[in-house]
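Consider the two complexes below, in which chain A is the common component and chain B and chain C are the respective partners.
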Partner chain A sequence: MSFTGQSATGPEESTARPAAASQRGLRRAVVVGGNRIPFARTGGAYTKSSNQDMLTTALDGLIARFGLQDERIGEVAAGAVLKHSRDFNLTREAVLGSALSAETPAYDLQQACATGLETVLGLSNKIRLGQIDSAIAGGVDSASDAPIAVSEGLREVLLDLNRAKTLPQRLRVLSRLRPKDLAPDAPNTGEPRTGLSMGEHQALTTAQWKITREAQDELAYNSHRNLAAAYDAGFFDDLLTPYRGLSRDSNLRADTTLEKLATLKPVFGKNLGAEATMTAGNSTPLTDGASTVLLASEEWADAHELPKLAAVIDGEAAAVDFVHGKDGLLMAPAFAVPRLLARNGLTLDDIDFFEIHEAFAGTVLSTLAAWEDEEFGRTRLGLEGALGSIDRSKLNVNGSSLAAGHPFAATGGRIVATLAKMLCEKGQVDGRPARGLISICAAGGQGVVAILEAL
Partner chain B sequence: MTDKYTQFVSRGIGKDVARKLGLPQPAVLRRYQPGQPLVPGPVLVQGTSTGADELAPALLSWDLDVRRHAVPREKLGAIILVLDELDGPEDLERPVLAAAASVRDLATGARVVTVSLTPASAPGPAAAAARQGVDGLLRSLAKELRAGATANGIMLADGVTTTSPSTLAALRFFLSGRSAFVDGQLLTVTSDEGKLPADPEKPLAGKVAVVTGAARGIGAAIARTLHRDGAILVVVDVPAAGDHLAAVANEVKGTALQLDITREDAGRRIIDHAVARHGRLDIVVHNAGITRDKLLANMDQGRWSSVIGVNIEAQLRINEALLASEHFRKSPRIVSVASTSGIAGNRGQTNYAASKGGVMGMVRATAPLLADHHGSINAVAPGFIETEMTARIPFATREIARRLNSLQQGGQPGDVAEAIAFLASDAAGGISGEVLRVCGQNLVGA
Partner chain C sequence: MTAAQPVILGGMPSLSKLYVNAAATAARRRVLGTDAGTTLPPCGHEVRGVQADVGNLTAYQHLVGETASDILPAGFIHALAFPVSMSVMNRDDFPLPLLGMVHLANKVEQHGAVLFTEALDITSWAENLRGHRAGTQVDIVAEVRRTGEPGARWKGTSTYLAKGVFLPGIDKPSATAPSTTFSAPDPTALWQLGVDTGRAYAAVSGDFNPIHLSVLSAKALGMRRSIAHGMYLASRALADVGAVRGESFRWDVAFDAPVLLPARVALDITSVHSPAGAWHHSGYVAWNPRSGRRHFSGAVAAL
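Showing the complex of A and B:
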């Protein structure tokens, strides 16, 4: 793989490189708090809700929690993966519909499932550079209210029709129309270059890393159990605002058991020859929802008498060549994390909370397996051996996407706010600030990862 | 805002029909709007005592047109009947009959306010009889007034004069549109405490106020009214009501705190939030409450314990935290929402009435505990109020319930909020341990 040699950072190289950005005299960007609406399974409570309405609601809940009415925020960035063309200015429109000052600028960003985390990293960097003092990052997605496009054939005909000047010209254009052109073009999660769905791609990776059905079901079970326990403890009381009658994520099954999960039939990887292991229980369903995160400089947070939960330390993006089968579609974080750790002089042992987005249970387990693999560490990461293994009790301790659901662009905001609160509650570990790692895989073979630290 | 029947009989053909058929003719009440005159006409101060002589000039500073003698056939905005020198029942006759001559001249939405001394501190049986007599007189007069006019009384405890801060504050409240749905009530000024506001339109300027159960109904109205009067708001409700709560918080430009008040640490979390976000805590309004109605014979443990838990136990626990906190010591104010059910009882509401009776008991017993810090605690007991909750009562029952008071209509959530805002103000510091009813003088249960 061409980029591993250039970008993966070996131990020698890391000592030669400058210290992490946080140590280079930049000011800190802190997470003040977050707000999201409960996530709803597609076709459920939010079937009639638009992205703009959900994002505006999530913003208004954040404004209410932190008293930001009429406040001019430095910048708001959010995005959606499934986006109507009319929503070209989605985030700015949500800001205008919210209780924020109308003088708050905003922009849309899109990096598939990494959208939410990338808005946090981009805005944090602006804060650290002193370009802005406050920011709101976020994301929203609705698979219920997804855009449906007209077919390419019909689109060309309509555009040509608009350009035609005379009646004969118009008739000639119309005569090109065929019945199949009238079929609408619905969005799907298939990769344009392989035609495979995300689930089928992951099934290849799951099989490659020999991840068992039992291990995947156990991860899904823990996700539901942990998320339900966090709700019961009131952990989400200041992270979430109800919406359309939901006050918890509708995908959460507090009473699920390993036995129940074991009864589900596989849905992906049924034609691979190997045993199919991926079910609806250990894969995330399509989900609707929105999330927001309030970021600020320490000075701004203090001046506004607002809490400072955690600092955004550093982030890293990676991509893999899944098209030619070199790596699995969702394996980019396996490369991004070692690079990020090395740049910050850290190892997996220095992390107190791992937030690894559960696109599929197999994704998390394949990534962990890769890090534990000697050969992968040597040949792909340029290390002397395996990157290492993690203490599973530190993984997704308040649940993750398998239980909460995964409205693509909203997942990053959910994880950042959740982790920041956990870090704040944890405080210090062995005389240093508690540290958390976020890892999010994304379509197109991409991944974005980040480190947060308690203050 | 006013119910449809009241609108119908207030003008045109509806007015004629109602009069000919002898149907109730509720008036459209005079409600407070910032900037409006305090009363709809001149104020007659009736009484010859020193207290009356001292009170009249104090009223001039409110830009009122004050009369010491009635001008025949002049429409009056209010009659203030000062009865603070009664040695026996015979002393009632002269001032009362003098005022009687002016009752017909009261304007629409006018006010009668008596100022007298509490019977409890009377020097002997004759004086006590006269003072208690004011109570019966006032309540009866309230039932005789028409066209949205109300009558209320202020009773002065030992050491309180007609110009004490809270006497003037109570008088201003009763004269204004803020007391639109308060009728036939006597409020005791218990001490000389209290401080009149720099700006009477912003009596809560700079105060940080917490309102529980603020997501909707009366709680949301309280938040809006306190905000209008200048307070900075922390609105509290259960996490499941968070969407409505966020809307209220954004409307009143405050902060939302999603919190179940029955949690063990609710008091600490409320104090922490107010102090961390707003630097202080001055006012706590215990409004959150639930009903789980059932005849006592059919009552179950769940209905009983949940109502007692939310409506009174949570308030007691939160008050304990407030009383122990160093952040709640600068003339703090607590106002609890009780209910006329807790006074007169209500079929099917043994649990609710027990909890609301409990609130009144708590308020009385907590007042001395706050006195050291110039604090006060009071309760407001609403009668029939037009809310989403009462809108669900079947039509006939609701129609009877809302007409059974001297004003022949239900109150608005804002009417309850006005009474709470008044008791939460610095000026009301001399009123503590009291219960003020906002019920339009409910005919049942005194």
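Showing the complex of A and C:
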């Protein structure tokens, strides 16, 4: 078999351990804090709230927490995956509706489920380069208030009708309309090139890596248990603003048990040769919500007497050729993480907290299985053997998407704020700053990963 | 507050019943020639433990251009308190005919945010019965407190005119008010209001006054076409001023020519800041861009 992997080290940085960011003459970008609204299951408390409502509300909570009323922030970036065409300037409109200075610029970003983390990385880079001193990253999604488009047939007729000049021309255009053209076109989670839903794609990967039902249910159970414990301990008190009657994520089932999870019927992968193992319990439900993260240079945070929770050290994006099944749709982080670690001269053992987004329990477990696999390490990552295994007690210790839910673009902000606070609380480990790794998979076979460190 | 303790009502009065009752009272007074005297009711009305409906709140916020946050917009509180005020104007001893009264002006003081989750006590009374060159005017005051708190979070004063009603013992103002000629500034915004604007606001405010609902129902009450609710227009202007107003502010509006639907309305908002840069107030004025007639004007100011 020829070598067709994604080398963990790029050609331009082959042997020498690359310099850390601070040694490259860049200043640090720090996470000051975050704010989100509780995530709500679709059709629940936020059914009538738009993306702009939720993003503005999360933003206003952040502004209130850190005293940013009328403050001109360097730049705000956020996005939504399910987005109405009228929301082309969603983030700027949210800024205008917020208590920030109207002179705060903003832009929208969209990279499927990696949107939120990518806004953090892009803005951190601007801070590190000295282009801006402060920034707010974020994301929002509503599966309840999703855009519905007209059918392709009706759209073409309407556009041609607009161009038609005479009555006969208009009638001719209208005569092309067929009853089926009146059916609306709703968004779905299907991949455009394969027609398979994300869950069906993951079912293929889950089966390929032989992930058991029991292992998936256990991961889901831990997610609920950890998130509930974090809420009970007051961990989210300064990370969250209640909204529309919710003060906790509505998907959280603090009283769920492995027995209850074991009773659920599989929903994905039912027509594969392998046993179907993916249920509604070990897959994330559609969710509504928004999150924001305040980023700054250390000087700006000090001047405003604001906390500095953690530094954004580095980030990496990867993509896989999933279309004909070379890799699983959601497996890009399996390639991004080894490259990111190598560039920073780190191994999995140097990480104190792993935040691996739980799109499906199977996604997390397939990624870990790939890292533990000798052959995958050799043939796909270009390593001498397996990348390694992680200490499971360091994984998603305050819960993740299986319990909290996953409003696509809002997940990155949730994880960054959560991890930054955990790193700040942890402080030092073995005489070095505590270190966390974030891994987020995304539609289109993409993934974005990042490293944060305590200060 | 009036001297007498308010009458505590068992629940929120129904606006539709109040409108029907007002029509019946008007007919009775016309037929029997009875009148309700020349003084205001000695006491107000109060409803306790009022809770906003969150679905209604979201619809209201979207209609007037506010973010659907958990904070009740000042205009939404007006709509929430309106049935209590209507019940005062519907009392047998209220001296003016309720139907056909013209909303001249409105003043609101908002003292801190009110959340939709909070239970509210709403008190309303009538005061300041006085003459007007075209009839008799009266102030209907409403106060909204968080249940269990003494201080008002919101206080609104609505001034209404009963056109052509002159009560014995109440003098007309001697001079007619000087009508300043209005010259329209350059607009900062242009609103397109469809024919359904009145119905849409009626649905979220519960105020199904026929003059706002349709051409026919408006004509029945002597209007050429249906007209936009004054509080809808003022609430949109308040939303347009935006988050700079903070959680405590004064908001007033004076109504001139009614907005006949459908309409294009031109708006100018001018904000004034202190030398130190702090927001002081935003004045607004709206007019018909074709005729140049002023529809309403007012200001939102820091408290």
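Going forward, the second predicted complex is superposed on the first by the 438 of 455 C-alpha atoms of A that agree within 3 Å, B and C clash if a C-alpha of one lies under 4 Å from a C-alpha of the other, contacts with A are read in each partner's own complex, and residues count from 1 in each chain.
Going forward, contacts are C-beta pairs under 8 Å (C-beta built on N, C-alpha and C of every residue); 3 or more make two chains touch, one makes a residue touch a chain.
Model, not experiment: these values are computed from the prediction.
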Fit or clash between chain C and chain B when superposed on chain A: clash
Which superposed partner A:E425 touches (first chain B, second chain C, both, neither): neither
Chain B versus chain C as contact partner of A:D70, first or second or both or neither: both
Touched partner set for A:G234, first chain B, second chain C, both or neither: first
Chain B versus chain C as contact partner of A:L96, first or second or both or neither: second
Chain B versus chain C as contact partner of A:D60, first or second or both or neither: both
Partner chain in contact with A:P242 - chain B first, chain C second, else both or neither: both
First, second, both or neither for A:D391, with chain B first and chain C second: neither
Which of chain B and chain C A:S50 touches, first, second, both or neither: second
Against chain B, colliding segment of chain C, chosen among 38-46, 182-190 or 272-280: 38-46
Shared contact residues on chain A - chain B and chain C: 57, 60, 69-70, 99, 242-243
Residues of chain A defined as touching chain B within the complex: 57, 60-61, 63-67, 69-70, 99, 234, 236-238, 240-243, 247, 305-307
Residues of chain B defined as touching chain A within the complex: 239-243, 245-247, 249-250, 253-260, 263, 276-279
Interface residues, chain A side, partner chain C - complex: 48-50, 52-53, 56-57, 60, 69-70, 96-99, 102, 242-245
Chain C residues touching chain A - in the complex, by the definition given at the top: 54-55, 58-59, 61-62, 67-70, 117, 242-244, 246, 279
